[in-house]
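Look at the two complexes coming up: subunit A is in both, with subunit B in one and subunit C in the other.
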Partner chain A sequence: MVGVPRKHRLALLVVALPVMMLAIYMALVYAPSPAQGFAAPDAQRIFHFHVAVAWTSYVAFIVTAVASVVYLRTRSEKFDTLALSSAEIGLMFCTAAIITGSIWARAEWGTFWRWEDMKLFMTLVLWLVYLSYIGVRGMIQARETRARVSAVFGVLGILCVPLSFSANRIWAQFHPTVLVTSTGSLQPGMLHALIVAVVAMTLFYIYLVLERVELEGLHLRLEDLKEEMGDDPDE
Partner chain B sequence: MTRMNDMMYLYVAYTVIWLGVFIYAAYLHGRQAELGKELELVVERVRRIEPGKR
Partner chain C sequence: MPSTALLIAAKDLRAEFRTKRTLNSMLIFSVMVILAFRFAFTAGDGGPAMVAPSALWITFILAGMFALSASFSKEKDQETFQSLLLCPGSRTSIYLGKMLSSFILITMVELFSIVAMAVFFEYDFGGPERLAWLAVVVVLGTLGFVGVGTLVAAMTMNTQMREVMLPVLVLPLVVFTIIMPAVTATAKVLGEAGMADVGAEVRLLLTFALVYIIAALLLFDYVIEE
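Now for the complex of A and B:
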């Protein structure tokens, strides 16, 4: 696996950090609090990054599915590495979305979780599917079998993404669709802050994927060399 | 809900996100450094075993 040179990865981080600081400023200062209808108006500012991490996790799982399809067609190991890296980082962002959502729910609803809400339930299912993806990979030693089984898992797992994304639109329960004004759109200040947060999180996602791909490349190279020497690659 | 409590939830949520991202990034860099060193040792071992081939 040929990764992106270190200086390019660092350059991406140098771009991502100020965008992230701007996103934090916009979410905490620039964006208005919702004027009415919320028990905890300051906690609503969690929304910008909660949506951004949830959105980035969907993007990450889509990248995993696409890389898995390409792997199944080409059997090129670099796509398996990309699928794994994206799934792992997507899982991390999905975890952050669930935790920040629960913190918001505690502030707004007085409880961390509502089992009857399909959005929460489907997002938990999504999280469990990709946790299993990582778990299954760890259980299979043979490299090609591991890549093939993971690719099938990565393709099937994507079915959960539209279900999680649209659950609040289909079932319309407790989870807010967006924080809207009476005209039905997001308040401009909140929209700007949300867009910058999504851009910032996407930049961080790309940076982390490149670093994870580099790490997996080192791991595979080490495995190859150990195998060549007749050592146990898991030592 | 008092404003203080409201702000505390906001603080905790942001802390979770940023700690998560930076701890994961630090883990990646740490593992890269570790594997890089291990790789150098193994490459050196391979060179010593098969000096004529490499």
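Now for the complex of A and C:
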């Protein structure tokens, strides 16, 4: 696996960090509080991060699915590595989305979770799907079978992403819908802060995936070396 | 459906009915689950009407795992999978054949579970109209479940601890797409206040059954490559 050189990865981190700082400043200070319609207006500020991490997790899972399809077509191991890396980082972002959403829900609705809300439910299902994706990889020893089987599951899993994303449109329930009315319901300051937060999280995601790809490359090399020495790769 | 698929399904069913090992364990298992629900829920929980739809589907799905898992692990254990791969016709006919045989086995167990449910919960499943709609919901839900489950069963055939991995992989995929609309529809069909409209749920179940079967037909070749 030929990864991205270390200095390029570091450069990306150097760019991502200030954007992240700016996003925090804009979300907490620059963006106005929503004028009306919310029980806890200032708690609403977490929404910038919540939307950004949720968005990034969807992107990550789509990258996993695309890499899985490309793997099945080309059988090039680097796409399997990319699929795995993106799924792991996506799961992390998805966890962050669920946690930030719950924190906001506690302030706004008075409860951490609403089982009857489809959007919440779907995101949890998505989280479970990619948890099993990572789980199944650990259960297959043969490298080629592992890549092939998990690629198929990576494609199946993506069927849930559009569902999760559109769930709050299909079942317009409690979860606030922001993007559907585009800028109409969003005050300009909030929109700016949101865009910066999305950019920051996306850059951070790319950085993390590149690091994870590098790590997995090393891991596979170690497996190869152990095999050459005649060791069982599991020991 | 190609004739190879029908032959594979017939072979599976013939082998199964000679020993009835999978079928018997599924039947015993489903009675156990229904009785467990019967003991666990008492009158205070809102009565059988509240419990029945979810208990039924949990039973269907858990018992169904046995059929799905057995359909491929039998071939693997008896080392007949290679010969199955050699049979003429496209590999998707293996998928269709396995899907059909699992579907028939699971439907038989479902029929039995519904009767067991009626007996143990002293539950009245109502007149022919309700039963007809219940049949539609059960058939569509099972079709979607078997559609995705057969693909995943083929995937887990080569994993360690495949008995655990099958439900771990299948459940997140079906919990929202099959179980939820099916339970909602079953509750509506069996509702005490009379039957409510289940058009939306039936459409959803049909959509996912199609989505999963088409996805499986496209992906199955990759799963069983040897």
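Heads up, the rule we're going with is that the second predicted complex is superposed on the first by the 228 of 235 C-alpha atoms of A that agree within 3 Å, B and C clash if a C-alpha of one lies under 4 Å from a C-alpha of the other, contacts with A are read in each partner's own complex, and residues count from 1 in each chain.
Please note the rule applied: contacts are C-beta pairs under 8 Å (C-beta built on N, C-alpha and C of every residue); 3 or more make two chains touch, one makes a residue touch a chain.
Not measured: the values here are computed from a predicted model.
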Does the superposition put A:F49 against subunit B (first), subunit C (second), both, or neither? first
Return first, second, both or neither, reflecting whether A:E116 touches subunit B, subunit C, both chains, or no partner chain. neither
Given the touch rule stated above, what does A:E227 touch, subunit B (first), subunit C (second), both, or neither? neither
Should A:V155 be classified as contacting the first partner (subunit B), the second (subunit C), both, or neither? second
May I ask you to name which of subunit B and subunit C touches more residues of subunit A? B
Looking at A:V129 after the superposition, I want to know if it touches subunit B, subunit C, both of them or none. Which is it: first, second, both, neither? second
For a test of understanding, state which residues of subunit A touch subunit C in their complex under the given definition. 72, 121-122, 125, 128-129, 131-132, 135-136, 139-142, 145, 148-149, 151-153, 155-157, 159-160, 163
Using the touch definition from the top, list the residues of subunit B that touch subunit A in their complex. 1, 3, 5-7, 9-10, 12-14, 16-17, 20-21, 24-25, 28-29, 31-32, 35-36, 38-39, 42-43, 45-46, 49
Provide the residue numbers of subunit C that touch subunit A in the complex, in ascending order. 148, 151-152, 155-156, 158-161, 165, 168-169, 171-173, 175-177, 211, 215, 219, 222-223, 225
Using the touch definition from the top, list the residues of subunit A that touch subunit B in their complex. 24, 39-43, 45-46, 49-50, 53, 89, 92, 95-96, 99-100, 103-104, 106-107, 204, 207-208, 211-212, 214-215, 218-219, 221-222, 225-226, 228-229
